[in-house]
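Letters A, B and C mark the chains as written, and numbering starts fresh at 1 in each.
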């Protein structure tokens, strides 16, 4: 963790609401002015009760959700910062390939594409040569416990846990400087969960900055440098994992 | 049938002489000559013209006939062939018709003629700059086989869009291993228009390429005239790696003049004579050329190496 | 850098009327027929650009104008308004709508390829599969039979058409196979821009999926700029990174494809996504 350097990701006053035209234009305020920084090599965990806006925040940063207003400054590798929200779509699509990645909890694997092929293509999109990409994909899948027997199968035929690991492999092969992880271990058994956490720890050691949502408090304790607690679309508190988790447990207790 | 000639009227007697039967009036001839001039100016381009009714059925040479009638002058000498022979029924009739209408002299000797009208052949003897070849064309549109729509055809010619013509050759090669199209092999004229050489055999196509003479093509039914001026490129459409080949039956030679035999230095377009015995016999399609070669052979012995009239290098290519 | 394809203010009116008669049409009025002229404003004020290696989707119901836009770009229709530029034509300095019909057609040989929903529109069904590819190649000046054969075979392999069927007439092919041949033909001369108009609509689900996968692989590998028109969100989702939503001849929303699917803004887009997602 290098707090003194420039943040690699900086979110300023991010607002996001949903207007549901089908039900009379009802407006749902999901994010009400979020500010946060993510520093190079830092792992920041987002916590909060469901509906607090954790996933919405990740998607709004990645612009899968279109924020109402605010700024999301990306400063990859010390280059000039760029506001993702003001980028045109083509430039944003290009940045998504090389500079900011997103791995969702949902198992949205590409249909009808073999496991190895899927992960290899992800590597090729990030600029690896065909051989390097295939090699990296094999290593990644092996590390995540996806055996060679499954490499030719379509991800749709895999179990939830397997799918999630394939998804993750595609997301972190040749990792971008900023990685957004949305519950990447929710469907994993303990052994595989440990393998994934170890891998994520290695990523941050290698300089990748991670903004993640985990349900698993042990995982947060193990990986996170800082924790941001969201509540009602706002940042409720920021701090070290132990402090925030204590606070979180207390607040859950209080609710009871 | 004998026509009962009425007694000449006083006016006719005053006018004197036997009036010729004019198949075309002078204005019509002029219109056709204009079309011919346009055709010469744009080699290979099909010029529309107001095809007249002729005393032959359309499709029986009415287009060639109109061109010949329009361009022939009193001092011309006419030769008409259909296949290679002068004696064919249609050739003989057309020859008499033109001679009757224009009063020109006729011949069967290619070298003596100044205008040669033909349907299926170009004479074996190379034509000279002072000679004119008129070809009767049944289907002037080379792209007819690949497109029926007239507007689209015009567009294809205008844009030199001949891809589909090439594809038809491609398909022919794929299906048959050779390009089967003969006669009427498509040729690119002057590097611009694809022209139908219908219905001359492939054998005669090289005779159009950079020729000394002017060739005029007339299609009476389709109302089109086109031309290949002297010294114009006429290139059969061929793939680089599939050479253009003329029809030449293996080992066949003319049983009269010996053309095409190993002993003969010349070859000619041969046709098979029908026979009841089974073994076909071949004979020159150009009867005039063959007859004079045979004559020379009998007169000077066997060494009829050259063409029949002049000693020239080679006939055909 | 000039994008491979740039469309600005494109409009097409069928029937009477001009730009002045566009008023009163579009999503706000729920109609495409001009109240003043009676002309059909099939598309109006459509602008977008597509870069090399990028695929843009245009989604909407039938009659929304998406196919009209495609037909205006490829030259099947003459637009009433707007400009179309290709990076490969005078470096984008030339508005294609100013070109003559013949120059526009010439672009179709090797710069701008279209894959139609109906293979009969893009293919000559009487010709063999190889012959259809040969048409494109000979149009581009290929004159070597062996060369044409091997290039056609290469394209058949690439589009998963069995080689032993290369010389069969396309009319004997199944719908999915015809679509593969159409792809082979479209890609024959490596065009930098490829337009796909409902490329899998009308095919059986399993066949459609296979053709779709083929298109996805081709787009991945060839680095072309592609425009994919479809009414089917799954097609747009699989093939494109960005998309436009069209309704009543207008673009009502444009964005990244995942954003349009997960967070559609316009009421019509929300309805479309809602219907697609169940």
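In this section, a residue touches a chain if its C-beta (ideal position, glycine included) is under 8 Å from a C-beta of that chain, and two chains touch if they have at least 3 such contacts.
Because the structure is a prediction, the values reported are computed rather than measured.
Chemist: When you check each chain against subunit A and subunit B, which touch both of them?
Modeler: For subunit A paired with subunit B, the chains in contact with each are C, in label order.
Chemist: Quick check on this structure: which chain has its C-alpha centroid closest to the centroid of all protein C-alpha atoms?
Modeler: Central chain: C.
Chemist: How many angstrom lie between the CA centroids of subunit A and subunit B, rounded to a whole number?
Modeler: 81
Chemist: Indicate the whole-number Å distance between the mean C-alpha point of subunit B and the mean C-alpha point of subunit C.
Modeler: It comes to 49 Å between the two C-alpha centres.
Chemist: Whole-Å distance, subunit A centre to subunit C centre, using C-alpha means?
Modeler: Distance between chain centres, rounded to whole Å: 34 Å.
Chemist: Specify, in ascending order, the residues of subunit B that touch 2 or more different other chains.
Modeler: In subunit B, no residue touches two or more other chains.
Chemist: Show me the residue ranges of subunit C that touch subunit A in the complex, using the header's touch definition.
Modeler: It comes out as residues 3, 49, 51, 54, 209, 213, 220, 238, 241-242, 254-256, 258-259, 262-263, 265-267, 270-271, 274.
Chemist: Would you pull the subunit A residues touching subunit C in the complex into a rising list?
Modeler: Residues 18-22, 59, 63-66, 89-90, 92-93, 110-113, 121.
Chemist: If you look only at subunit B, which of its residues touch subunit C in the complex?
Modeler: Those residues of subunit B that touch subunit C are 155, 158-159, 161-164, 166-167, 170-171, 173-175, 239-242.
Chemist: Hey, which residues of subunit C end up touching subunit B in the complex?
Modeler: 102, 105-106, 124, 127-128, 130-132, 134-136, 138-139, 143-148, 167
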